[in-house]
């Protein structure tokens, strides 16, 4: 077992990392299952530095009832092709309409927004995602792998039908699955996976439905593991101007879009 | 070249485009996107005498062509503003005004007095119309008597440009505008948000922690434009128009209705560059219509 | 099966979906599109004592998620209604109510008295909130005193269901609702249109012949919902909610906020079948949420 | 010269001709010039009887700023293929977005609305259209031709570039052109065409910009020709429910959508 590495902490973009508003082009649409799809959007210019956990705020032009932008995590980045990948779950009008865009359509994006998960070195890291919560974990696992960490990702889904896109994680570490119906991997919730009992970790990074993240937080607390969660509060601007997206922390209301979306659970009132 | 300069009493704006309080942070949030010195002015966050945590989450709900907010004046208080924030923003090459809010008259007065001492703040916008605070706030803006009272008290201690922001949630906004003009307001701005509400039919819960909140965005534009027109006819001080302005065409409409300047609010969330685009768009409109001075458009609606 | 029947005092509606005055003609205009007997009720055009030509063209302007209108109560007068129109529509298998408007109290009273004699009209909707007429109209609905006066006078001559339609252009709609309740109104409906305005930046002219007009459509929904919620808490008579309802989800929101019934207005222009689709949608919602009686949803907003 | 036939009058749809709301499919898009285009929209079911001068009210789904439907004249009808043709001029957001629809897109239509031009028999008829005012005249010329009338159509445009779609009129009669710059046909406005001086007509049917229609009305008045115009007032509903579309007639305000769009100029306060 590696020595516990707890010196890393949540990263904030530096002043020189400017936010941008740019028009991207939809270059690929991949339907994963009836609920999830992946969009590849391409910029005309080289992409700026993007950290794992950061998100974009996308304008939805093809739906009358959508007024504000929609925040989406950055699922993956291809600097060579200037492509950002988004992993989207259909929830309401906005996400539904994003799934109806046609190749070649213009996508207006404000990015990169928010902070980054910690990137420790040579640590044992556990990534737990549920549903579309997996979105930021792929790009994160890449960073963690490159920094010499051991990466274990658990994806929790309802059934094998939803266990999509796993291959992408393989280059960066171990990928495990839990399904609620037992149709793939272990049966149960991701926090019930045997690996949590059988192995010990330095970091737990999670994203997904709040109940799942709270279960991860409870596991981390009990095992004294550093735990970072990514929150999904409703947002109007995404860059700190409106104060709509606050979460109640031990230091008062903090904006999820600028002081998050990644928080150390110790700072939350969970 | 066209002249875009307008004056709000003694305050000179290089162009009529300002940004609305609560939608533009302290300006800093937009520095990556635009050059703040391209704006006629910016109005920073609602500032109160004391630190306020604001309302609990959720504070926002999307509505047809608009949004509801219930931020509730979250801010660190005026002392923090003077000490921490003012030094950071005082050198912006534009008019930086502070939106002053309160729940009792004494708070308004003390806050205004402290800001009066800041050299690079040419004016305040007195917010007597915030629908998102339990005590005071909007209540001051909904009767002539209370509007008068707070403006009179602040006028005594505040010596620079005093803009008063009016509430649209009233039967007769023109009479309230006249009342504050009578107490020495240098200009009025309108509209603040319309009180609204949203419910999630699936969960049966209100979408805002405060149940009701303030409606903004293009949905309110026709109401805002009507009120600006009514107020511009009723008072002799300059009127600053806002409510749902998304582009230069909208801004021109407010100016034609009688606004000397406009403020851009919710639109900043959707396009953080929209304010400077509107400056450009106004210029283009003037060239296309052969108007050399923006002041010739103020109130220039053609009623036949 | 689910029960959709609601009661407005003694008036039984087979379901809570009515259509709003001025947006549904006399019902006949929709007969090609829907079966009128599928509706809880129909409120026909604003009817006045005497023939009115209404306002000059243009009377309409599109706005973000809404529209302004300045029809100005064009109608042939109540005598014509009784003689020519009533015989054509009296056998609709639904509640046909007449929207009664006026500019002086005497006109309201005479019109209501004449309609009182029509067997198949179970009630009237007293419009004290029309923003599109110069005299009277909205003015009655903007102060408690005048609202009381007109309701008291009409109540004396009108014996069936008296619904009073409230104006949203007021500081405190709940107090006006209470005032009309005190004078014997059997129910209140709200909201009528918000006073708004639109300008064509290119021609610099107002888009309506009357400069200002009434705003309706989804843009106003958050304001309408808030007012329905406020009024439902303030009065004991049934509240009928409207303003921007486009689908069953919207209708449910009004019911949760406290409306016993809803009216569909502007949405009829975009989809002439929308009213019956909303009846169906409410049914589906109830089945999905296992609510067997619509009355269990009235005011059932969960404030935690 | 044929005997003057003045017995025909404006037709109103009978009670049995029901209005419908239906989803059509866009099957053809033809760009005529930078301003005008023609849409072919196809119904799933046989079309109802449609009279010349009637219009449709189209929902514009692909633009956020469009709330109400947009009224458009019926340019032509193909009963065999269940296709209605619309001739559209780009004016603002609504018409612009209709021109951006893709083949296969759904188009919601309320129709057939309004009344019909008179269809005399064996008369000399003059049709004058300017700009997109030509829209209803094609279908009208078909009806007039079939009823044994002599049909002369004058299209008034700015320059030859705008003289588009003329071929379609040829089967039904004579088609003449005026251009403002003299680049095709006679130079001037359509009411200045020599045929108005050199020949006499029983009926003048017109549609287009108001100044042009007023010039046609003046010509008709001076020559004692029956004159019918089609008005384009702003509409909210299109079927008589809102009373927004009125025009001031000698008998008071009348709805253009139900008592028009075709009016005999004698009834207008022109």
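Going by the order they are written in, the chains are A, B, C and D; count residues from 1 in each one.
Going forward, a contact is a pair of C-beta atoms (placed from the backbone, for glycine too) under 8 Å apart; a residue touches a chain by one contact, two chains touch by 3 or more.
Predicted model, so just to flag it, every value in this text is computed and none were measured.
Path length between subunit B and subunit D in the chain contact graph, taken as the least number of steps between touching chains: 2. Per-chain CA centroids place subunit A at a distance of 36 Å from subunit B.
Separating the centre of subunit A from that of subunit D, both taken as means of CA atoms, is a distance of 56 Å.
Averaged C-alpha coordinates put the centre of subunit A at 48 Å from the centre of subunit C.
Among the residues of subunit D, those in touch with two or more other chains are 64, 66.
Contact with two or more other chains is made by residues 63-66, 217 of subunit B. Taken pairwise by the contact criterion, the protein chains form one closed cycle in which every chain touches exactly two others.
Chain pairs that touch, as defined above: A-B, A-D, B-C, C-D.
The touching residues of subunit C, counted against subunit D in their complex, run 22-25, 29-30, 32-33, 45, 53-54, 56-67, 69, 71, 74, 217, 266, 268-273. Within the complex, the subunit D residues that touch subunit C are 18-21, 59, 65-69, 110, 233-248, 252-253. Interface residues of subunit D, counted against subunit A in their complex, comprise 61-64, 66.
Per the touch definition, subunit B reaches subunit C in the complex via residues 63-66, 68, 142-143, 169-171, 194-199, 201, 203-206, 211-212, 215, 217-223, 225-226, 229, 244, 249, 252-253, 256-257, 285, 300-304.
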